[in-house]
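Each of the two complexes below includes chain A, the first together with chain B, the second together with chain C.
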Partner chain A sequence: MGVVYCSCGPANVKEMSEPSEQLAHVELKDLPPLPPPYDNIEELPGFKKLKDETREEYEASLDDTLAASLKKPKSEEEEKEMVERFLSGLHKLFTKENNWTFLQPLLLSMEHCAKCQTCVEDCPIYEESGHNELYRPTYRSEILRRLYFKYVKNGNKWFNTFQQGGIELNWTLISRLFELSYRCTLCRRCAQSCPIGVDNGLITHELRKLFSQELGWSPEELHGKGTIQQMEVGSSTGMNKMVVMDNIEFIDDDMTDRVGFDVKTPWDVEGADVLLLENAGEFLAWPENHGCSSILLDAAGISWTMSSELAGYDGVNYGLFYDDVQLARVATRHFEIAKKLGVKKIVMGECGHETKALGVIADRVGIGNIPRESILTLMRDIVFSGKIKFNPEKNDFPVTLHDPCNIVRNLGIVQPQRDILNYLAPRFREMTPHGVRNYCCGGGSGFAIMSKNNFLDWRNHISSRRKFRQILEAFQDEDMSPETKKYVCAPCSNCKGSIRDMLDFYGAKEKSGIYYGGLVELIVNAMEDAREPILDWDMM
Partner chain B sequence: MSILHGLVILSLVIFIAAIVARAVRIMRTPIHLRWELYPVPHEKGRAAHGGSMLEETDWWTKSKDKDHLGELGVMIPEILLLKGVWEHNRKLWFSSWGMHFGLYLLIGHLALVTLLGILGVAGLDLSTGFLSILVSLLKALAIVGGALGLLGSVILFVMRLSDNGMKRFASPSHFVNLIHLGAIYLTTLLWALLDPQYALHSVGLLAGLVSFGEIPALPVVGYVNIAVVLLFFVYLPFTHMTHFFTKYFTYHEVRWEDEPNMPGGPLEGKIAAAVSQPVTWAAPHIGADGKKNWVDLVSGTGKVDDEKKEA
Partner chain C sequence: MGVFEAEGGIKVEVDEDGFIQDPDVWNEDLAKALAKTEGVEDMDEEHWKLVNYLRNYYQQFGIAPMVRKLCKETGIPLKRVYELFPSGPAKGACKVAGLPKPTGCV
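Entry: the complex of A and B
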């Protein structure tokens, strides 16, 4: 076993199964430089090394960080047993009983890749890692593909190896593969550019499912503290019904003070037209977002309610990122709550993955669906309904828009947010590229809530780097000093979390005056009748 | 009927049977969860910005007309010009386009030879009028298709060996496939260039094949060409090169498949069948026992109890 400390990745697929101290390593000096004043590595935060104790306890032979954090097995027997279980899961992944949910897309992606590498330059993680081979979108896909052809696909083994190349299945491989399935944000930008329609994001998703559904391996933030806590306690934030109602009451009072008219969130109103289902993380981290939604719905005269049922006040669904059964459980709970209340529709708050999970992915997990729509489209209609008076001059500062992948690439909701910003933000400018060709914020697929060990450093240096670059570039025609306040509008809770972390990490508020927030805050900030501006730069 | 007749029939039967089997296997997979990827070109009036019907409030009450012409507008440049490769991997474009377009020209050539062969058998005079123009077009198609395809295959072969990304994932089959394709292009090209009777020979060959009649004596390169083409027919359906038709599924059944599941709608039956299947995933939080199906697992609190048991 040799120490691999060059700034490089694996030379080939087979290295994945070969024991070594570390398969890949990233040196900060090899990352594509950021624009000034973020171009001097010495002045940027470093990339903390994993502690020796952590490396002792966890399988950390993939790269410089740990996201999934798998404990080392105690014995070789345990390793062997895990490999057997992995193999059994691999078979189940390709059966219609266990994986009807994605079998067809998975088979198509497994069997038809031309290995042309047309998709790779579109991956922000690969590019911004300085083209580290470990993060090439096709690398992890290739491993699953070779395993599939070797162990699952019928036919002559020799012919299959001749077609696809060989691979050795062992503990080293599966423990690394588990970690590697958490180095992709599932943003699916690479899938857009594959001429054949192969989807490397989907393959990552399926790998995570295999590990979770068969071996019970998943990051604590997504499972124990995520879907499980949501269904046991009511929210992945850990807030139970009493706490959430208290919090909302506080938000309502605060908003009432600030805007000068009554803000009151209705709870459990049977027969309301709309059930508002938001990411409960908003209530703690960005309370104005809920407050502003509440103001807007009331001002538009909409009959709406929130639900205090278990999980009825938290729209997140982390099952989307790692486990179809958990996804279906959370979504089914949401559907049941809406049906019980007898609402006409569920309106999903500014949360990309919630909207994708409940709006589209969970569309086929059950029978007798309740209609769902994104709050973005509803807000566009409210803004242009003429019911509310706006003064766009209140938003007279530079604004750019982050497109959450889940909202644009995966749902096709592209224009409503632009219609609103074009009207209410006179200094709105687009990022390049934007819309369905956007770049992920770097927090996708659960990364935004994962920060154990030094994963936050990995995220900010690598997976969020492209978004940070885009944000800086969007404001280049402005005075980049902190005196000119600039606003990154991110209509997604997860994206906000990740943008918050990246702006903090690089000190972008202090150095360049870059702030961030949601869309509804900009809308309410421009309301003619509001007493005080909602956006309080000192508090942001 | 000669040995050649037998071989042609055998390879075509294998080709068609294997392609049909693959298509059936894909079509028989259960309904899957929605996984569309925008832009979806059949979104009327919204495809240009990548939008969907979800941009409308109460979208389920609105018309869901699909713009199928919009789909063609994406598929045609993609198939003929490899637009995706042009946009995302320019350095690969010429070789890949050459290799593919050369094949399209040869497929066109084969169709034309077949047509002329049938007309010849039907007793039409191929040596005069419009048909004679078509006959002379044959040679041009064979030369241009063969040359373009050969050039593309050779460059692709070099790239497979030398390009940092492509060589990492190259398996032996990639090289064999390119040699095989290269051999098809080369023998077509040589046959067309070296045989003064090329058009007559190839039309005669097809006429003999379709009528189960006599096949004219061909130059050696012609026989080699037939051999590599037939071998390709037998081999292709077992490789990733079936993407020439499975692409239909990746686009229409996944990327652009955005059919909402409306209460009482056509999808409910398929979903009911999918969720009634027993699940055997082994992780404890799933709570599967091989008998419980998806509905059993997702409803109720079985999962939570299991979590407590684990703790």
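Entry: the complex of A and C
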């Protein structure tokens, strides 16, 4: 076990139900120091305090931040009603007809935790918070476990409660628990380290689901501006069909200018082999990612198309993070579009949660009979097909690889991206640890798009801290001045957003020359026939 | 939610990050006042070029443009955008232009 820095969290589970001004605190001085030149707290960005007016409007009695941002109740009746709804939702979580996705692993995780705490040292949030008890992965789970044994589990209630430890169900508990369900990135590193397979990530997910489906509580970025906007406008970015087609045309023209040959995205081609379904955030924030995918598919002679139908051009499915019903709605829509076009398969772009939602979880919706493939495996096949000439020397700069949790740990797609980088990035080096033992970017489970109030500070100081540390360590054998440009390859939109935010926050581009981007950009950057390099450091 | 108040009787609703809630209440005086919150004391020609481009694009398409498009069509390189608006195109320039906060994985 490492050095224990501090514990500013609750002393026991029962405290969760006891009203107090604030249950836990985050103090920057308690966080394990970062390597130089990021080791001086005085020189780092601070942790903004919540405003008094914010504390008056929202339930902010958990820690020093707000992610989910629940408004305070208007009356005692409302409190009571919500507690009742929580209880009813709790029962539903444990019945087959109401939890058709995850009942079995949830039950196993409730019943079999041996409380050995092996998992806690594998949680980057707990570790990098200086061991704040509030963020211990088993703390959150223990609350749900006690509620389960007290209110749901059959048998002698008094004995169950005695054996498992009691807990009081009240407004204080549920409002804090809601906020606490957004202090874990669902990276599931703890589940991997558990000798029995207890999944604290899943437990957090099930809590979010209960709150969303039964109480209507969810972060606006994931729900109102997320899945709802996607189903109403066509994309969580707010792009309707006209805007997305205009943007893609711009990307096509821009890429054509740069590479010196025609780049044109095909729309709504019936009977194409591949429907390319990317995270639409790419088009706005990282347009080269789409442009390069387009170039690569054409160069490989693949018959492909995009869809301009509502939600057909945005592969995100934030339902995965918080709500099974929303997940099913979005996934169903994606399948319908692919079926209507008559494509042979859907290829999912460089987006971790999309790949997990559509590639695996959607099978539980029941209509997932269209083959789906991650673009990572397809790219590996294309790169090694012999159809395209590469000059790896074009990528003559240090590169490291970030493993998106959903793609690597959770789906087991580990090697294709490495085969590509070993071939096309001569100065590629791994992070420590990597592969299925990777650390989350800190933006998992929707965090990358949540930045209200001071949540961005929490994210950059705590949940992204381990990844930032790993990135710095990966380049330690290089000149760490900004003159040597270094590339963090992150084949996932969500991870890229999070890595961008942390590099900005710590000033790592200016101080250490650290840049980031996707995988397909490195592939196309190494193409012999491209006129100009695709990587435009000035735009990164 | 909060209220943004400034000289000249300016009083508008803003979200947690200071983005105005109703794009229709935007005017040049409000832009100047919002710019001050972004560390921009005086809006010069280049600032207005960016802000006006963002406004026009938003009115036509209902969302913010791609950053690359903004740079290409105004002829202002990204580095310069950051010099003009230190918090960058999305958090800085868009806020001053009265656009809502971007949504989705951007």
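By our rule, the second predicted complex is superposed on the first by the 531 of 540 C-alpha atoms of A that agree within 3 Å, B and C clash if a C-alpha of one lies under 4 Å from a C-alpha of the other, contacts with A are read in each partner's own complex, and residues count from 1 in each chain.
The rule we apply is simple: a residue touches a chain if its C-beta (ideal position, glycine included) is under 8 Å from a C-beta of that chain, and two chains touch if they have at least 3 such contacts.
Just so you know, these numbers come straight off a predicted model, no measurement behind them.
By the document's definition of touching, of the two partners only chain C reaches A:Asp538; chain B does not. When the two structures are aligned on the shared chain, A:Ser235 is found in touch with chain C, with no touch to chain B.
Shared-chain residue A:Phe283: touches chain C; no touch with chain B. Applying the stated contact rule after C-alpha superposition, one finds that A:Asn422 touches neither chain B nor chain C.
In the superposed model, A:Ser20 lies in contact with neither chain B nor chain C.
Of the two partner chains placed by the overlay, only chain B lies in contact with A:Ser374; chain C stays clear of it. Chain A contributes residues 11-13, 85, 88-89, 92, 96-98, 100-105, 107-109, 111-122, 133, 136, 138, 142, 155, 159, 161-165, 188, 191-199, 202, 212-216, 223, 228, 231-232, 324-326, 328-329, 332, 345, 359-369, 371, 373-374, 377-378, 380-381, 408-416, 435-437 to its touches with chain B in the complex.
Note for the complex: chain B touches chain A at residues 25-26, 29-40, 43, 46, 49-60, 78, 82-85, 87-89, 92, 96, 163, 165-166, 168-174, 176, 238-240, 242-243, 246-247, 249-251, 253-255, 260-263, 267-268, 271-272, 274-275, 277-286, 294, 297-299, 301, 303-304, 307.
Residue ranges of chain A in contact with chain C, taken from their complex: 51, 53-54, 57, 69, 221, 225-226, 229, 235-240, 242-243, 246-247, 250-251, 254, 279-285, 287, 314, 316, 351, 448-449, 451-453, 493-494, 497, 538-539. Residues 1-2, 15-17, 61-64, 66-69, 71-72, 77-79, 102-106 of chain C touch chain A in their complex.
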